[in-house]
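In the two complexes that follow, chain A is the common piece, with chain B as its partner first and chain C second.
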Partner chain A sequence: MIPFQFRLERRLERKWWYGVLTPVLSVVAALIAGGIFLSIEGFNPWTVYRELFEASFTTRFGFTDSVTLAIPLILTGLSAAVVFRMNIFNIGAEGQLYFGAIFGSWAGLALADGMPWVIGAMIVLVASAIGGALWAAPAALFKAFFGTSEIITTLMLTFIALFFMRYLIFGSDSYWRDPETTNFPQGRRVPIGARFPLWSDTRLHWGLVVVLLIVVLVWVMIRYTRVGFDMNVVGSSETSARYAGISAKRTVIVALLLSGGLAGLAGGAEVAGRAYALDPNGLELGLGFTGIVVAALARYNPFGVVVVAVFIAGLQNAGVALQGLPGDRVPVEVSLMLQGAILLFAIGGEVFSQNRLKITRTSRRTTTVDGAAEGATA
Partner chain B sequence: MSDDQSGPETTPGPAAAIRAESVTKRFPGVLANDRVDFHVEVGEVHTLLGENGAGKSTLAAMLCGLYQPDQGQILRAGSPVHLRSPREGLHHGIGMVHQHFRLVDRFTVAENVVLGDPYQASLLNQREIDGRVGELGDQFGLPVEPRARISDLTVGQRQRVEIVKMLYRGADVLLLDEPTAVLTPPEVDALFETVRAMIAVDKAVVFISHKLGEVMAISDRVTVMRAGVVTGEVATADTSPRHLAELMVGRPVEVATRRGSHADDPDREIGIAGRGLKLSQGGQVLIDDVDIEVRRGEILGIAGVAGNGQRPIARALAGVVPPDEGTVTICGAEVTGKGPKAARRAGLAFVPEDRLGTGLVPDLSLTDNMLLTRPRGFFVDRRSARAEVAEAIDDYEIKTPGPDAEARLLSGGNAQKVLLARELHGLGEPDGPQALVVSSPTRGLDIGAAEFVRGLLHEAREKGAAVLVISEDLDEVRSLADRVAVLYRGSIALEGQTDDLDLDEIGLAMAGFGRGAS
Partner chain C sequence: MNDTAFILTLAASVGAAVPIALAALGELLSEKAGVLNLGVEGMMLIGAVTAFQVGDNSGNLWLAFVAGGLGGLVFSVIHAFLTVTLRANQIVSGLALVIFGTGLSTFIGKSIEGIPLEPEFDKIAWGPLADIPILGPILFDQDPVVYLTIAFAFAIAFYLNRTKNGLAVRSVGESPATADSMGVPVSAYRYAHVLAGGFFAGLAGSYLVLALLASWSQAGTTAGTGWIAVALVVFASWKPVAVLAGAFLFGFARRANFWLQSEGVDIPAEFLAMLPYVLTILVLVIWGIRSSGHSGAPAALGTPYVRDER
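Showing the complex of A and B:
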């Protein structure tokens, strides 16, 4: 038997810096764990990590590429953050993103021709937000009125959206498909008026400014508006909400539509800033699912989402860059493995930020009552 | 046992049935028990008396093996024992009957009695168990039907099952944690008969309570605790309720009877009116044709054993659930089925029985909780709410780190104070609350806080509010209310001026023997 007893006790007070320390420590722990695997595989972890950081953060192109990829991740991260903090699990941001892209590219193709980008790209974004919200609507309504689990419905809707998007480009002569290309079908490219201009010679586009604005708006909404207040109440205690006359149904619907809209925006931002068309291959990157990881690591804080999104985007970009290393090729999966490890350690770390570990020595002394002995002494 | 040579009255002095020697138990931030000495002789009822949070339950938990003391030791019949679990406690003949029963609803009485018994054979001998349960029931005045399902039993019957369970497992030391809290007066009498039968066969009983009357009636000795330490140990014969109360609170208390100064005025406007209220849920009738009228400047007390419709009535009047039939009128405005916000606009404030989780949102700050029932614009106005909390912390002496602390960190008494501060805000002003529905206002509060809360309710009445107090504490209802209504199975079994009703009449009505009931 181990002479120690381990027990978790719930922390009564949580210091604010636990929220920063947990993700930072989990990244460090993940790097150490990843380093062990890299060593076993015969790589020098230092070289790999240095290469990785150079590829994604410390060089100009590396960093701007990371930020570019972070733009949709920030939006899907927000999408998850606004509902996950209410214990509503919209895991269908992926599908809502596709629908956002479908709506956004339609708006770009149909309306934005000849417009200045400030208006045209905004039209794309608004349409994509509507598309994403619409794709979340069935899950929202079913949850509010029938209590159907949103985890199931949003996931199933994702597959419908995925195959619908593929059908539009690969399986039909739809409005979205480029009529010029026949042997390898592609999406029709949106006009210049629907595209965010790039920053100098990088791939970073003006969508970043819009996205940061949205981050601030979401934060203000959660923190300072009645809608956000009601969401906090409903998320924390539905009984309290009913007592206070706050409609849980309405709040749940609003929250899920908002979440869907944000995921849809990510699709619109990709269309207007990077893909310039409804491009299934360019959109099927798992941005929606990664958004869940981003939100969780950011502890559902909108500003945290920005930082984490850039970091995760960097890791994903580095995966590709690592392939170009001289000598033995470092597998792309290293960055995926690191992502997984970070999430794992972050979840573990969360346990310790909410509880503290108490270690006590277990005493081996046991005594039993001896009734007969007592009788004898009497 | 070979104590026949000693006299019938004198038990061997040092070997108490169970003894705690200078036990100390700490929880994060709390010294729950500080060098507590406590012992129970064989054949005696020893009461552990103290306010909520005084450390009685912690001590009892250590005596039965649920907690282990940080320092000090437990002695059973003179020998030190190290109890690492309640099962080990039972092995040493120590059994605890918890306030919240540990019974499986879908199992029968007999199944519950043998559940988890390490000495039970793998194959149950149903007839033998039934026989033994019946025997124990006869011996100790605990009539239970072995084959009955727990879900079909009343609360009082379930408690009997718990006691039989402990006796069946061979418990000689029984710890009863607030056993009378859930019982009707006749059931309390029956329980006391059982306790007497147990001590007659040399069992030892620890009776945990804060109800002075019962303590005086049943116990041989009383140990009083306050804030984790023992403040006195007295023989019941040598003490008085007043003395015990002083030991408990640390100062003399008055349980004052207060009546409203305008209670008899029939011209006063009706603040809360429910007429012909009916409510069913899943085929179960919760409220059965209830008429309630509370005038401004009056307190109507609703008494009754828990689960007889108190909660649904409060919720229906406050607009949280729409009644199936009947109307609700608050200060002249009909608000039936219009929701809690409409009831509040008409002038109602509502203090629900569950503080954290209903009245307060545990994960939100005190400031945000202050805003929960306020009308809100598009933006949330935290500044005034924060000021309000700061004021309440001073006025109500709320113990909390500050307005930004989460509500879940509040103790029960402080949570109730925050809740009342919010609901009573603006009382007496034209746009403040004119009518109050208050459920279990002092449940779980210590005597000092309870007295404070009753003072607030009295003050609300004097300021002209119509107050409906729903409480399972009969003494409280009788001391506070101008009129009393007794609920039994969703309808009013008895109603009248408090001073015209005697205790027996109310007790009978609570047990279902009121007027009109058969």
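Showing the complex of A and C:
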């Protein structure tokens, strides 16, 4: 038998800075773990990290590219944050993003020609939000009325959306497909009126401003509106929601539609800001799944999502940017590996910020609560 | 009708079903103990890259196959530690496992990308049985892992439903507090079954690189198989033998376009590929309507067990 017993005890008091310290420490821990791994594989971790950092944060183009990639990530991060904090697990942001892109690019192609971008790109975004929300709707309704697990339905809907998108581009002569491209089918490019203008010579586009506005809106909604209040109550306890006269069904539906709409917006922002078409390859970056990582690291806080999204986007960006550098080529996958490691450490760290680890010396396993022999506390 | 194309497709579907079935059986074990592990895709990739490395170095196919399983097992320890010991959110942890596994496996596999692997599993031809029309090539002319997978499914069904340990597993998944009060070590059971799940997911990855693809490629190895396995467990309502049937259906959906093309049928391949996912949702919803949420899911699935808070 092990002479020690580990127990987690809920912290009665949580300092505010735990919320900042935990993600920072998990990043540091992941970098150390990654560094050990890099050295084993024969790379100099110091050089890799310096290049990684330079490629995505300290140079002008590196940084603007990171922020550009962060735009859809902020939206998918928000999409996860609004429902995960209620313990509703929409893991299908990826599919909702695809449908957002399908709807958004349709609106761009059909409506935005000749419009000023302020109107045209907005039409793309509105359409994409509708598309995303619609794709979340089956999961929302099935959960509210039949108690069907949204984890599975949203995931299944993601695959259906993926194949549908492929069908539109590869499998048919659809409205979205560029008729000029036969060997390597591509999406039709949306007119200028549906595109966000770029900032000077960078790839950064005006979608950033819109996205930051949306962040503030979501924060206000969660904090100060009736809907946000209902979501918080239903999230913490459906029983108290019932006593307070809040319809859990309606709130769950609203929350999932909102989450889907935000994910859809990410697809629309990609169409209007980067891809300019329904691009089944360019969209398959796993932005939807990465959004969950962003939300979890940001501890489901809308402003935290912005900071974390830029950081994660930088990591992702660095992987690609490092390929262009001369000398020792650092594999792209380092950034993905680091992301995963950061998230794993953050999950562990989150537990320690909420609980204290109690190590108790035991002679034998007993069924009574072991209050007698107190060991060290960490 | 082009019979041979159809039979060939069915025979190929069996092979395509094997990794799905193996991974789903592992996920089933983990979920029966109450731990949802969405990281199947990650564990499969780790298994695949381990199997390839070992196969490439040793040339021994079976050694590589088992090594892949062990790779998946070692990797699943992360999930077990985070969710059972630290009681972290199982969904977030599983997703982290997918991301970490994808990154780690491609990083390790960088040097072996695209290299073909020589040895292959020899098919077992069951003498005259293999010559039976239609059924022969489908059932009696497959590689040994196919039969092993079928055996695993029945063994797991027997283990869960007919043995004392199996009863303990189910009780841990349904009501850990009750199991605990009966003296069942909840954490130990959960660890063991998450690890078993990792082992099977690793085997699934092994089979992908050793038998189906015969090479390791950065992105194309699993192509969502792990996620299908997660869905399949639900589709099969947590029944091991139903997993086999479901895996065949999913495998067929992945191979059917070959047959449809030869038939000149005009159903787009994409819609056919959607079918299993649509079916899974339908099955879930119908189960939800019929028995108000009782789809066969372990009642404590996804919830960490805390003794003190009951």
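Before moving on, here are some points about what is shown:
The working rule: the second predicted complex is superposed on the first by the 347 of 378 C-alpha atoms of A that agree within 3 Å, B and C clash if a C-alpha of one lies under 4 Å from a C-alpha of the other, contacts with A are read in each partner's own complex, and residues count from 1 in each chain.
Everything that follows uses one rule, which is that a contact is a pair of C-beta atoms (placed from the backbone, for glycine too) under 8 Å apart; a residue touches a chain by one contact, two chains touch by 3 or more.
From a predicted model like this one, the values you see are computed outputs, not experimental measurements.
Look at A:39: by the touch rule set out above, it reaches neither chain B nor chain C.
Using the contact criterion defined above for the overlaid structures, shared-chain residue A:58 touches neither chain B nor chain C, since it reaches no partner. In the superposed pair of complexes, A:138 makes contact with chain C only, with no contact to chain B. Contacts of A:152 after superposition: chain C is touched, whereas chain B is not reached.
Of the two partner chains, chain B is the only one that A:244 touches; chain C does not reach it.
When the two complexes are overlaid on their common chain A, residue A:224 makes contact with chain B while staying clear of chain C.
By the touch criterion stated above, A:236 is placed in contact with chain B alone, chain C being left untouched.
Looking at the shared chain after the overlay, A:181 reaches neither chain B nor chain C.
In the superposed model, C is the one of chain B and chain C that contacts more residues of chain A.
Overlap of the chain B and chain C contact sets on chain A: residues 369.
Considering their complex, residues 9, 12-13, 224-226, 228-229, 232-233, 236-237, 239-240, 242-245, 363, 365-371, 373-375, 378 of chain A touch chain B.
On chain C, the positions that touch chain A within their shared complex are 36, 38, 42, 78, 82, 85-89, 91-93, 95-104, 106-107, 110, 218, 224, 227, 230-231, 234, 268-271, 273-274, 277-278, 280-281, 284-285, 288-289, 292-293, 297, 308. For chain B in complex with chain A, the residues that touch the partner chain are 1-3, 6, 12, 15, 28-29, 76-82, 84, 92-93, 318-320, 339-342, 344, 350, 352, 354, 357-364, 368, 371-373, 376-380, 409. The residues of chain A lying in touch with chain C in their complex are 6-8, 41, 84, 89, 91, 138, 142, 146-149, 151-153, 155-157, 159-160, 163-164, 166-167, 170-172, 289-290, 292-293, 296, 331-341, 343-344, 347-348, 350-352, 369.
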